Structure formats: structure tokens, C-alpha cells
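For reference, the structures are reproduced in the following blocks.
Across the two complexes that follow, chain A remains constant while its partner is chain B and subsequently chain C.
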Partner chain A sequence: MAISKENYNVLSDIVGPEYISDDPVICEGYRSGPGGYENGLGYERVMTKIPGCVIMPSCTEEVQKIVKLCYRHNIPYVPYSTGFYGPRSHPHVEDALLIDLKRMNDFILDEKHFYVEVGPGMVYSPIQEECMSHGAYVVIGGGGAQASAIANLIGDGWSPLSHRIGLPHRRILGTEVVMPDGEILRMGSLAQGGDDAFWGESPGPDLRGLLRGYTGLRGCLGIVTRMAIKTLPFQPERLEPTGITPNTALALPEKRVKWINFVVPSKEAQVKAMKEIGHAEIGGAVTKVPLFWRAIAKSTCKEDFWDIWGKENEETVANFHIVRVLLIGFTSEEQMEYDERVLMDIMEEVGGVARRTKPSDESWIKNADSAGMWLMCGGYVSVDYVIETMSQAPEHGPVYADLKKKYTPPLMPDYGDPGWFQSFEMGHQGYSEFLVYWDLDDDTNAVDQFYVDTSKMNIENRFYTSLLGPHQPLYLTGPKYGPNYHEYLLKVKDEFDPKWMSHPPVPLSHDIFVDRAPWMENMKDWESPEDLEKRGYKS
Partner chain B sequence: MDVKEKLSQVVGTDAFFDDPATLQAYATDYSYTPAGAPNYIVKPGDSEQISQVIKFCNENCIPVVPCSSKVHFYGATIPKEGGVIMDLEKMNNILEIDPDNRRVRFETGVTWEKLTQELKKEGYRVIMPLTPPAQRSALTDFMEREEPTNQVYDYGEPLAAMEVVWPTGEIFRMGSASVNGYPKSHSKGGNPSGPGLDFYRFFQCAQGTMGVVTWTNLKIESIPQIDKVLFAPITDLDYATDFLYRILPRRIGQEVLLLNNVDLAAIIAKDSGNFEKLKASLPPWTLILVVSGLKRRPEEKIAYEENFLAQVIKNEFSDMKLTESLPGFPGLGGKILQILREPWPADKPHWRNQVKGACQMLSFHTRPLHAKRLVAMVEDIASRHDYPIRDIGLYIQPIEHNRACKPEFTFFYDPDNAEEKAAIRALYKEAAVALINEGAVFTRPYGDLAPIVYERATSYASHLKRLKKTFDPNNIMNPGNLCF
Partner chain C sequence: MANESDVRYYKPKAEFSLDITDIQNFVYDMSRCIKCKGCTWVDHTYMPGAKFMTRCPSAEKYQFDSYGAYGKMRIGHAFGEGVLDWNEKALEIIYACTLCGACDVGCKRNLDLEIELSLESLRVKAVQDGVGPMPAHKKTAENIAKNHNTYAAPHDKRKDWIADVKPADKAEVLYFVGCAASYTNKEIAQSVAKIFKAANVDFMLMPDEWCCGNTVFSVGMIDEAKALAQRNVDEMRKTGAKVLVTACAEGYRMWKVDYPKLLNISTDELGFKVLHLTEYADQLIKDGALNMNKAMNTRMTYHDACSLSRLSEPWTPYEGKRQWMGCVEPRLERRRGTNGVYEPPRDILKAVPGVNYVELPRMKENAFCCGAGRGTREAFPDLATFSAEHRLEEIKHVGVETLVTACPHCKNNFAQAIKAHGDDVQVMDIAEAICASIES
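Let's look at the complex of A and B:
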């Protein structure tokens, strides 16, 4: 049912007529599409809709009024900030109201107490700039510095800089949420009535557990309107921006910040080096990224990439082992010298050789610019990105690479590259990420099948995975993790959003996609309720 | 089948108790919470037994109060509505020590004593709160978010994936322990988060109201190769706070804390006579900072930290007398290091109870720059309640590179003196109200504190109740606590 004129007028009164539109041209601008994550895949084609109306509130009070109206009049709505997460951030039902939160871009920095307080429209880039000007830094997720910090923190929120703090959940402090029925829930130090968001814990059980699971809920349990985010103490010297777009970088003050790349003789040496660096409690980042990222970094266009990448083969990929380490003089230059001596001891033990490394940072500190991921083929998704331990992380990628062979093409040939892994939280955790690419002009049905097949692979091999909740069919993963985590998740959803107005039919959207897409029929070997479509959206 | 018969059948007759003497032993603790006896006590030996007991109790609407420690300070395990005490002392196995991932997995009934001793044998330790009683459950302290004295690690919370039994009796594994077949899996339980929601958050500070945690994974750290304990006598709390604002963001030190003369005297005293003498001779406050050399090049690590401290003191804090010995107290360093790294011995009354037999603690979170003002405010309230300011124990724990802190007041009293007990209770309540009005954040609302806090956090309480109803529809898990 389209939003009635009467409701439109009420919404217009809430935000002002210049901040609401049901003009098809405006709404078309919010189509999930080119350049986005999961671009062109079946999920996007089958599940996403153009919104029926777009509204841009400026404050929590307006969000609350909008949500209350939606709830009363059964108008499905979708919170939207920067939309990086592709089709899953977009409406999945006809005539939904898209609540674009970009105007809510308040930003307060508390230098002394190491946090920033932001609205959902605030993106990372200026946050990082301000933080670094005041002795702190934030971890910018792979989504890039133009992603909403709040959306990133309740969805994903990690990067190579997670060496010291892996789980983004731990950086979420005082938070305000407009719940699906329009009630306001304040958490942390905001819960007791004051306006100071500096502390994350609330009285008794911690309702920050509603904000996300290991990965996010994509807006199906309310709208975060305000969040204080813990920052981490950095070092005092300025990282100077250099270059001309798109070839920009931060020049590093070498006595306080330094990347060093090491070539090591084997994967075993690579893993050992990472563990030892964690155990020695040094460094600001330790990582091993896919080899093709190096090709991307050296390329200025698609043709360049394929010229460079085409010279590789399974053997060169299998025999190239790099460990990339970021040293930061948090305490002093002397501390960084200490870290470097310890690092060199470790590298000597594992046979690592330092290579010339540019005294600059092109990506992780400021940009986390994943735009290059689209360079090669046009379509990209990080199919898994999981924090576990260094027991799981190095083992995960090869199993993915093996499964991928079955689906290449249409997936891009990457010569069996096992993806990205590294240590998090000083070696207490390990991270693995596996990326896939495809050409949008090809038949991509197999990519959709691959995606679901990865869940089966993770279940069979007993790997933890990011692909839970709304990221895969809930009735496929639910019985196998927990077990039956889906039942508890759905209970919570039913309690706080009994009418399923907040981004329906998430978290059942991937189940519904599989049921709707004929090419997924052969993939379905699990049970799910017959009334899924009805359950997912009860209008 | 009657309750006794069923519970005995599940846990075995030797793990079921309903004799008055045993019931009475669970009716009180070190807090002033009114006594309340359970009807039955069970001591399950594994998750399956826990599950069966809870399932039965849920079907019959019988309250269940989980209890995993032998030492309680807050009244949280005193039954408010009778029912079954589920004593988890038999669940005391250390299930795995995984040096590669610096992780330990252990059951709820594992005490601080057992955990620290077993880890020490392997060269590891856990970062721990100040002097946890040896017989107290280590898992409970982490679930209850006791602040560790070591705050240098950016990741903070050491808890990882765990297993719980929901109030309806289902066994559920959280985080990366949720994989099928755990622990025989690639996934080792290093991530507490998910699946689907961060369910583990609902168990934090829940005082057993959301279910029973049966085991958890926890981060462990290497024992430092070398330690130096540094002390500084402090007369102006603001000066110390400014110093900590300066040095802790630079990731200096391992353990760091501030104790007033009362608390420090109570901690290091051999007996009550010695306590009074120490109290009189110690400085008003003492800053304790441990710098450590870790696994590699330990001397060099200590050297850069000391050089940094020396520069800061010379250039910015010349009145800060940070040295290896507290003037007038030679040899204190070795003693304090042991106190900070080991639980409080089981054969010795806890220092908090050694002074007068019992105590009431009041702790909260705030910004360090507010600490001095809030301390003065509570001292003022104490003096109005005729509690001598000179007898208030004070401990300030800097948190997260000193971006926050946790002041903790200890009011000592004689548990056999009803009048004194009542006075402490009145003082506690007034101080709590005054503090909350000044922005103090209470995250662990026990007993009298719960209504004070939830009255101000009405929306939060209402959402908590909705969540609780979702998982515990019959409100069987430890009813009468928090806002449930």
C-alpha cells in the first residue's frame, strides 16, 4: 500500500516539505545499484525495491515521530545512512519509507576522555582527521572512510588496525536507539537520564546486545540516532596528506609511525610471526592481504590490473608470503625503537626479510578505501570476514579457495589466493576475510549459489562465520549455530517489533530470496516454515 | 513427582540438600541484605543436569538462584522468593589452557585460587580485579564486570565465547563456541559475539537473572619477566588525576591504582593493631604503578617506560615523587605485587572484612576529573551520618587509559551491631542518590541500589523487562533482583 496523502502530509510536517519526497526521480536515486556491494547479484535483483518515499529527519525527536507514525499506520521503513552495504541496506518491500539519516551528522570530540559522539550521518573521514589532530585514532572499516561510523559499528567495524582492539562492540559507548515501535532506548551512561554518553555499560544486563550480533542486523531492530564511540590513544605527530586524488596518501613521521613489509619463507612462518608479534604485545597492525590487492595498488585502470595479475599463476600465489607490520610509537620514539628491535628478533627467527616499504599509508589509517575492489570486474563482495582465533584464521581461506574453484567462472580467477588473515587483539584473536569478484555481464546465478554454499562449507567444517543472522538463510544457519540461535533472534524481533515494520523482512530476507529465486531451488536442502513470506512482513 | 524427588533424581541424592542447617548457610552473606533461605539446594555436576533442573523449575514456576562462589558481598544470591539454590561449586574444571591463542576455558565453579595457580604453572595469568577472594568464582567476577587493575590492553573485556543454559532449560553456546561440535572444531571460542545477537551481553551484570553460565573462554596473558612497582604519595587527588591523564594514554604500566590510607592499610596490615598504625602513618593517597618487562627484551621495555616517566615528571609534574619504595615503608613493592597478582588467601579474612567484620561498598563510574569532587561529596554525607571520614576506605581504579575511573568507597561496620548496620544502610542510600544526581554511573545495581537506579532509568528498565520476559516467561531466574 502506497503511503497515503494524509500520512505524507504528517511526515512532511515533521521534517518540513524540503526533506521529504515521493518523486519517482528522487526515489530512483535510492535504488540499490551500480558501484555497490553485492552489485548485480540475485539478492539485489529479487529482494530490493525502490522506496515509495524518502524522508530526511534532522534529530532523534523527528525520527521518533516518523517511526511512531509508521508503526501506527503499518508503513514499513528502512533506516539508511551511507548505504555502503549494498542491497541489504535498501528497502525489500514495495512502498517502504526510506529514512535517510545523513542530516544527523552531529559530531563532538572529547579529547581527554577518548571518545567521539556522532549522529548516524557522520562519516569516518572527518572523524579520523579530528581524532588524529587530537592524539587519537579510530579503526576505519573496510567500507571506506565515507561510510557512516554508526552503521559501520553496528554492522562490521574492523580493519588491520584491529590488532589492538578487534571487536567493534567494545568501542560502542553511550547509545540512543529509536526502537521499532518508536520508543527511545538509551544505553550506557545515557540510560540513567543524563546527557553524558562517555560510558558504555548500563545498569544490569547490557542491552547493547540488541544492536548487533557478530555482524549486524541491517536496521531490523530500530534506528541508532546517537552513539559515543571510543577512540584509541595515538601518537602526537601529524600524518601529512600528500598526493593528488586518486593517488593520495598520508606521509608518516618515520620515528613514530612506520609500515614494514616482510617476505617470509612459508605460510607457517607467516602465522608464527603474527602470533609472536601478538604475544610480544608490540605493533599497531599486523596483516597479510590477498596478493591481488598488490596488483590493484599498482594499477591505474582495469587493463593495468589484468596485465599485472595475468603474470601470476597458482605457483607464484602459493609461494608468496608477506607479513605487513605497522609500528606506532604510542609512548615515545624510544618505544617504537623497542618495538622494532623485538620485531626484527621475531623476523630473524622465522626467516623474514624486510623489504623497502613506502614511508606512507595509502589506505588503512585514513581511507580504508575499498573502491579499488570494483576495479577488476565490477562486482565484489567480501564473502566472509570473521574474527575467531589464529587457529581458525589461516585455515579458513584455503577451504574457501577450494570451494571457489567450483564456481570459477563466473568468479574471477585468483589462482587459489586464500584471502586475508591476521591477528587481532594482540594475537588472542585471528581474523580471516575472503573476497570474490565477478563480471556483471556474466550469468551470476552461480555467485548466489556459491554464497549459500559457503554457509554449508562453514557448517560442515565447523568454522565460525560472519554469515549469520540476515546474511544467509536463517533457517540454514540457525539450527547449526548455538544451536537454534534463530529462534532466540526471532523471539527478540517479535518482542520489540511485533508488526515487523523495521526493514521487513530482515532477518528472514535471505530465506525468502532463496524461496523466490528459481536458480536457488537446488541449493535448498534445509527445512523452513511454509509461511516465511507472511511471517517476514505482517502488514 | 514431587520437587525433592525430581531434583534428587536429576543431580543425585548426594548433591541435593534440604536440611535446615544447609539451607540457612545460603540465607545470608557479607552484605546487609535481609536473610532469605531457599527451599532446596542442588549441586549439579554438568550442563545437562543444570538444564534438567531449570527445565523442571520453569515448568513448575519454582525460582532458581544460581550461586557459584563461597564469598558474596552484595546479597545477589540470597533468595528473595525461596526456591532452589543452584550451587555450581562442582563445576570446577579448567577445561583447556590454550597457550597458542592465550585462552583458557573453565567452568563457573572454578575459583580464583585454582585458576591463577593452574595458569601460573604454564607461565600465564589473567588480568584480575583487586584482591578477589580465593574461593570466589572467577567467572562470576568477569560476568559482573569487576574492573581489573590492569588497564593497558585496548581490548579491555577479557571474556570470550561461553555456554549458557536459558531460563527455559535449553543449552546454548555463544559467539564462536556456537559452531556445531565445539570444541572439536576449527573455531576455538575466541569471539564472544553473536550468533545473531550479542546474547552474551544480556548475561553481563545479570546476577543470574538471565540464565546460568556454565563455562567461558577467557583471555590470558604471559607473566611478565620483570616487574617494578612504583609508588607515589599523593596529597592532592586532582594532581594525581592529571598525572594519570598524561601518562596512561601513552600506554604506560600494567597495574595502576590509587588507594587511600585506610584501604592500603587494611590491605597490607597483619592485624587490627597494625592496621591503625599503618592508617595513621600512610599518606592520604598512594599511587601504585607497576611497569613490567614482557616476553621479549624485558629490560628494554622497562627502560623506555621509565625514561618516559622521568621526562614527564621532570618537565611537567615535578611534585610527583614516583619511586620504587613508599617513604617509610621499605619492602612494600614485593608485597604489593603479590597482592595485585594473586587472589586474597582463603585462610585469612578478606581485608574488607578484617577491619570490623563486614563492610558496605559503593562504586560507580565517572570521569577522573570528577573524582575529587564526588569523593568530597560522599565524605560530607558520611560525616552527617556520623561515619568518621578518617575511616572511609577509598580505591580509585583508572580505566581505559584513564578516560574513565571507578571510585569505590568502603564503609566498614560491625555486622553484630544492628544500629551501626542500619546507619550504614542509610548512609549508603543517601550517598547513592547524591552521586547519581551528580552523574555517577551505576552499572551494578545490587539490593537497595536497584530501585534508586532503575527509577531514573525507566526506559532502560522497561526494555530490560521485555527482554527478560522473552527469555524467562515465568521469571524463575533469581527473582527479586535488579528490576525483575
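Let's look at the complex of A and C:
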């Protein structure tokens, strides 16, 4: 049911007439695809809808009023910060209200207590610039410098800099949420009733975990309108922007910040080096560099990439082992010199050889360059994020690579590339990610099948994965990763959003996609309730 | 509203060209936008902080995604596929845009999509479909057709700016004055003439100078623009001059980029060199032919005019095939804004004695457009004013006394905003700044 004129007028009164529109051309501008993260795949084509109306609130109170009206009048709504996260952050049902949060881009830096407080419209790179100007830094997630910090932190929130700074949920401090029915929930020190967001924990259950789920719930449990994010101490010297588009980078003060690439002899040496670096508690980032990334970095355009990549083969990919380490003199030049000596000792032990490395940062410190991932093929998605042990990635990756072969083409020929991995939490954890690329003009049904097949592969091999919840069919993954993860998640959803107005039918959207898409029929070998459609959207 | 199933993918291995008269040439680019919004954010490496984060005037003012390039690409794609109908809002979205190129260079930082050409092509389509341009643009087009200038001013007054310095009848250097400096900003034309004189450079004018056609081209009136391009290039060639110099950034872009685009030739094939005054004067200064001795004791900044900076790279026609993974054959040299005219104006201003030169947080390819150009001031004065006021906030943020531009349209737009707010900032064209430091 389209939003009635009466409800439109009420919404217009809340935000002002210039910040709401149901014009079809305005709404077309909010279409999910055809390009972008996961766009061009069946999920986007089958599950996403153009919003029926778009509204742009400026503050929590306005969000609350909007949500309360939606709840009272059964208007499905979807929170939207930047829209970068592909189809899963766009409406899935007809005539939904898209709540565009970009005007809520407040920023407060508490220099004394080392945190920043932001609204959902604030993206990472300005935060990082402000932090670095005050001797602090944050992790810009792999989603990119253009990602909403709040959206990223309640979904993913990691990057190679997570080697030191810790897992994302621990960087979430005081947080304010407008719940699906419009009630306001304040977490951390904000729960005390004051306006101080400096602390993340508070009496009672820590609901930050619920906010995130495994890797985010895509707005199906309400709207985060305010969050304090912990920052960590950095070094004092300025990282100076240099160059002109498209070749821009931060010039590094070499005695305080330095990347070094090491060639190591084997995958085992790669893992050992990362573990040892973590145990020695040195470095700001420690990551594997896949050969694929190097081809991207070297190429001057899409065509150039294919020229370079076309010269590789399974052997060159399998034998390419680079560990990239970021050293930071957090406290002094002497501290960095010490770290470098320790690093060199470790590398000598594993047979690593330092290669000449540019004294600049193109990606990760301030500009996490995720957007470049679409240059080569046009279609891209990460099919898995895994936070496990350091030794899991080298075992897990090749299994992924084998499965990918079955679906190549349409997947990009990657010569058995087993993905990338890095150190988390000073080597206490390993993070790995598996990315796939395709040409949108090809028949992409196989990519949809591959996506679900990765879950089956993980289940069969008993591999842990964090792309669960709304990212995969809940009734496929939930019974295996729980054993009743799906039931709990649905109970939580029913409790907080009994009418399922907040981004329906998430978290059942992938289940419904499988049921709706004829080319997925043969993939379904698990049980799910017959009333999925009805359960996913009760209006 | 668009039919969901129809908006799908571009057909592979297709011939295409960079011809903006056919929207189908850009459906691929429009379909590959990923909403990273690199078109709107300042290059993240250069992100100055929590203020001045964006470089797209339309997105900054109107806020809805639909006004950013990411929205326009989706809307354009739907038009290209024939599944969305024009309405008033669509026209506003397509035309309430300064075509400043910020989105184009932002996108080419990562994705190499032809955003600027897509936007130009959408305007051509609006005209082809009989819905564009905006009424104010039609008035400007009538003025140009009738009086050969944008202002409806008498054509025979075009050379009234000439004062002390007289042009030669014949010279290697031809000064293309442009409508603004001929009629509303004569101080710029007079300053340019004095600069030539100070450097002992003979210069000539076109025997019968007409409007460059910036507005008609920019709003999609391709036939009118092409006729002007052909006429002006023919007239220029007839003069025998080797170098065309202009102090108008928009005119510069027309001559250097858009005339070749309209005539399907490369910039090199024009048969003469096109230079902005800043390039020409910078070389004169570096060669010792122009001495700037007089001090200007002021804290000064420079606003990059879009058409002189990120939009000014030379044009080369392209026809080819798009193949697997979107690769094109033959190889395409993309115009990414890398080689825009960024340094010459800065070198000039830094060479002025007494100047305390400071950069704005958003500079060069990341500059925020003043909002005046490419038909914006005529049809959307509120957007033009908003952009100038937004940029002025940044200008005041760095605490300068003098703002220098290299385009009369920027100067006028800033001057209006400064006057409206009573700001204590002096705005001058770079020709005036040079002139002030060479006059004894």
C-alpha cells in the first residue's frame, strides 16, 4: 500500500517539505543497482525495490517520530546511510519508506577521552583526518573511507589496521538506537541518563553484540542514530596528502610510519611471520598481499589490469607470498626503530626478504580503497569474512578456490587465488576474506548459486564463517551454526519488531530469494517453513 | 515508475563512441556506478576533516541521492533503457547541476566511468526529446542567435572595452575576449590587454567575435553549439593567428575541449594552440618577459575554476568496441583531470611580491565549484548562490583578504555573494592581480 497523503503530510511536517519526496524520479535515484556491491546478482534483481518515498531526518527525535508513524500505520521502512552496501541496504518490499540518514552527520571529538561521537551520515575519512590532527586514529573498515562509520561498525568494521586496534564491537562506546517501534534505546554510559557517551559497557546484557549479530543485521533491528567510537593513540607527525588524481597518496614520515613488504618463501612462513609479529606486539597492520592486488596497484586502467593479470597462472599465484607490515612509532622514533629490528629478526627467522616499498600510503590509513575493486570486472562481492585462528585461513582458502573453479566462468579467472588473510588482535586471531568478481553482462545465475554453495561447503567442512544471518539463507546456516541460531534471531526480531516493519523481510530475505528465484531451486536441500513470505512481511 | 525487469544490463561487445548525441554510448558507464560516492566526497586522501567534505554543489544543496551523480546515473540509465518518463523533477535534477566535473574526476580515481559525458549526453537527450533545456536557457540561446552574446547586448558594442591598449590588426596571438569580459567585466579584458603590452606581445582580436556557445552546448542544444563551434573555428583559422588566448575559463574549455568534441576532431587538429591567460602569463613570467614588481600586501587564495582545472584536458575522439569485463579496444586515454591547469595560476600568484598565499582546504581537482557556470546561474540562481556562499565559508575559514579566480563567471558569482553578506573579502580576476603587480 502506497503511503497515504495524510501520512505523507505528517512526515513532511516532521522533516520539512524539502526533505521528503515520493516523486518517481527522486525514488529512481535510490535504486540499488544495477552496479555496486552484490548488485547485478539475482538477490538484487529479485529482492530490491525502488522506495515509494524518501525522507531525510536531521536528528534522533525526527527519526523517532518517523518510525513511530510507520509503526502505527504499517509502513515498512529501511534506514540508509550511504547506500554503498549494495542491495541488502535497500528496500525489499514495494512502497517502503527509505530513511536517508545523510543529514545526520554530526561530529564531536573528545580529545581528552579519546573518542569521537558521530551520526550515521558521517563517513570515515573526515573522522580519520580529525583524529590524526589530534594524535589519534580509527580503523577505516574495508568497506572504504566512504562508508558510514556507524553502518560499518555495526556490520563489519575491520581492516589491516585491526592487527592492533581490536575487533569492531569493542570500539563501539555509548550508542543510541531508535528501536523498530520508535522507542529509544541508549547503551553504554548513555544508559545512565546523561549525555556522556564515553563508555561502551553498562549494567545488564551488552546489546552491542545484538546490534552487530555476526556481521550486521542491515537495519532490521532499528536505527542507530548516534555512536561514540573509541580512538587509539597515533604518532604526532602529519601524513601529508600528495599527488593528483588518480594517483594520490599520503606521504609518510618515515621515522614514524612505514610500510615494508617482505617476500617470504611459503604460505607457512607467511603465517608464522604474522603470528610472531603479533606475539612480539609490534606493527600497526600485518597482512598478506595477494598477487591480484599487486596487479591492481600496477595497472593504469582496466585494460592494463587484464594485460598484467593475463600473464599470471596457477603457479605464479600459488608461489606469491608477501607479508606487508605497517610500522608505527606510536611513542617515539626509537620505539619504531626497535620494532623494526624485531621485525627484521622475525623475517630473518622465516626467510623473509624486505622489498623496496614506497614511503606512502595509498590505502588503509585514511583512504581504504574499496571502490577500486569494481574496476576490473564491474561486479564484485566478498562471499565470506572469517574471523578465526591465524592458521585457519591457509586451510580454508584453497577449499574456496576449488569451489570457485566450478563456477568460473562467470566468475573471473583468478588462477586459484585462495583469498587474503591478515592478523587480528596482535595475532590472537586471523581474518580472511574471499572475494569474487564477474562481468555483469554475463549470465550471473551461477554466481548466486556459488554464493549459497559456499555456505554448504563451509558446513560440510565445519569451517566457521561470519556471513550468516541475513547474508545467507537463515534456515540453511542457522541450524548448523547454533544449532538454533535462526530461532534465536527470529525470536529477537519478533520481540523487537513484532510487526516486521524495520527492513522487511530481513533477516529472512535470502531464504525468500532462494524460494523466488527459479535458478536457485536445485540448490535448495534444506528445510524451511512454508510461510516464509508471510512471516517475512506481515503487512 | 520504471518497470523492474526492464532496467538490466548493457549488451556486451558493442561498438560505441564518446559521442554525446547518443545516450546509448553511456549506458555502460551509467550501469556501473557503485554508489561509492567518490563523485561527491573530496578524494579521501585529501579529505580536510569534518568540514568541507564534499565537492558536488548539487548533492550538497539538494541532499537527495538523486541529485548526486550516483542518482543521476540511475535515472539516466532508466532513461537510456526507456523505462522512465521525463517530468519536472527529472528536468530539475538533470539541469540543477553545474557540470563542474568533480564527479567525473572522483569516479575516475577508482572506476574510470565517463560521468561528465553521461551528464552532457543526458542534457542532449532532454533537448532531443523536446523537454529541455530550461526556459532561461532558451532565452540565452535566443540572445546568442540574435546578438551573438549571452546578454542581449548590442553586438556592435562588443569592442567597447578597448581603452588605452589597442589590439593589432594582425598578430600571432589572438585574444578571445568572451561575452563576459566584453560586456560585464571589461576590467578583465583591459587587464589582459595591459599584460600583453607589458610583455611587448602584439595581440589581435577576432574581426567579428561571437559568443563561444558555452551555455547552448552545456544545456544540450547540440545543433546550435555545433554551428557556433564551426563558425568560430573557421573564423579563427582565417585570421592566421597561431595562439588563441582567453581569460575566460569556460571559453577556454569550449575552444580546447568542446569545439573539438562537437566537430569530431582532436584538440591538436584545431590548427592553433589554445591557452588560458594563466598559462600564457606564467610562461612570460618564467621567461622574464613579464615582471611583477609591485607588491600586493594581502593574504590571498585561489579558487580553481572548473573549466580551467579538471575539465580542461585536451579532447581526442574515440570509437571502439566494449568487450568482456567492459574492456575497450582500442585503448582509451581517459581524461581524468590529472593534467588540468593547476600550477600556472598558483605559480603566478606566489610570484607576486608581498602576497601571503594560502590554499583552500578543497583545491585543484577537489575544488568546490562556485556554481555559476554551464547554464546554472541562468536557470537555477538559487543553486549558484548556494554554491558561492558555501565556497565563501571555506574562503573565510582560511582567513584570506583576497580571493583570486581565473574566470569572470566565478568572479561575478562570488562578488554577488560577498555583496549580499557584506563579507570583508576582495574578489579579483587573476588578470587584474597580474596587472596590479606589473603597473608602476
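Just so we're on the same page, the second predicted complex is superposed on the first by the 536 of 539 C-alpha atoms of A that agree within 3 Å, B and C clash if a C-alpha of one lies under 4 Å from a C-alpha of the other, contacts with A are read in each partner's own complex, and residues count from 1 in each chain.
One rule holds for everything that comes next: a contact is a pair of C-beta atoms (placed from the backbone, for glycine too) under 8 Å apart; a residue touches a chain by one contact, two chains touch by 3 or more.
Keep in mind that what you see is a predicted model, and the values were worked out from it rather than measured.
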* Could you tell me whether chain B and chain C fit or clash when both sit on chain A in the superposition? => fit
* When the two structures are overlaid on chain A, which partner does A:210 contact: first (chain B), second (chain C), both, or neither? -> first
* Figure out whether A:248 sits in contact with chain B (first) or chain C (second), or with both, or with neither. => second
* When the two structures are overlaid on chain A, which partner does A:372 contact: first (chain B), second (chain C), both, or neither? -> second
* To do: Examine A:26 and indicate which partner it touches, taking first as chain B and second as chain C; both and neither are also allowed.
  => second
* Check whether A:37 is in contact with chain B, with chain C, with both or with neither, and answer first, second, both or neither. => second
* Asked: Touching A:477 in the superposition: chain B (first), chain C (second), both, neither?
  -> first
* State whether chain B or chain C is in contact with more residues of chain A in the superposed arrangement. => B
* To do: Please indicate which partner A:492 is in contact with in the superposed arrangement: first for chain B, second for chain C, both, or neither.
  => first
* After fitting on chain A: smallest Cα gap, chain B-chain C, Å -> 22
* Structure fact -> Overlap of chain B and chain C contacts on chain A, residues none
* Residue ranges of chain A in contact with chain B within the complex -> 112-115, 135, 164-167, 169-170, 179, 183-189, 191-194, 196, 198-199, 201-215, 217, 230, 232-233, 275, 278-281, 330-332, 334-335, 337-338, 341-342, 345-346, 386-392, 395-396, 425-430, 459, 461-464, 468-469, 477-478, 480-486, 488-489, 491-492, 495-496, 507
* Structure fact -> As the complex stands, chain C meets chain A at residues 1-2, 4-5, 7-12, 31-38, 41, 43-50, 53, 63-68, 70-72, 74-75, 77-78, 84, 87, 89-90, 93, 105-106, 108-112, 310, 324-329, 331-332, 334, 336-338, 342, 364-365
* For the complex, which residues does chain A have touching chain C? -> 19, 21, 23-31, 33-37, 39-40, 45, 49-50, 54, 56, 82-84, 100, 102-103, 105, 107, 122-130, 133, 144-146, 241, 243-250, 301-303, 306, 366-372, 374-378, 412, 439-442
* Which residues of chain B touch chain A in their complex? -> 98, 100-103, 145, 153-157, 160, 166, 170, 172-176, 178-182, 184-207, 209-210, 219, 222, 245, 249-252, 294-297, 300-301, 303-305, 307-308, 365, 367, 369, 400-401, 403-404, 436, 439, 441-445, 450, 453-454, 456-457, 459-460, 462-464, 466-471, 482-483
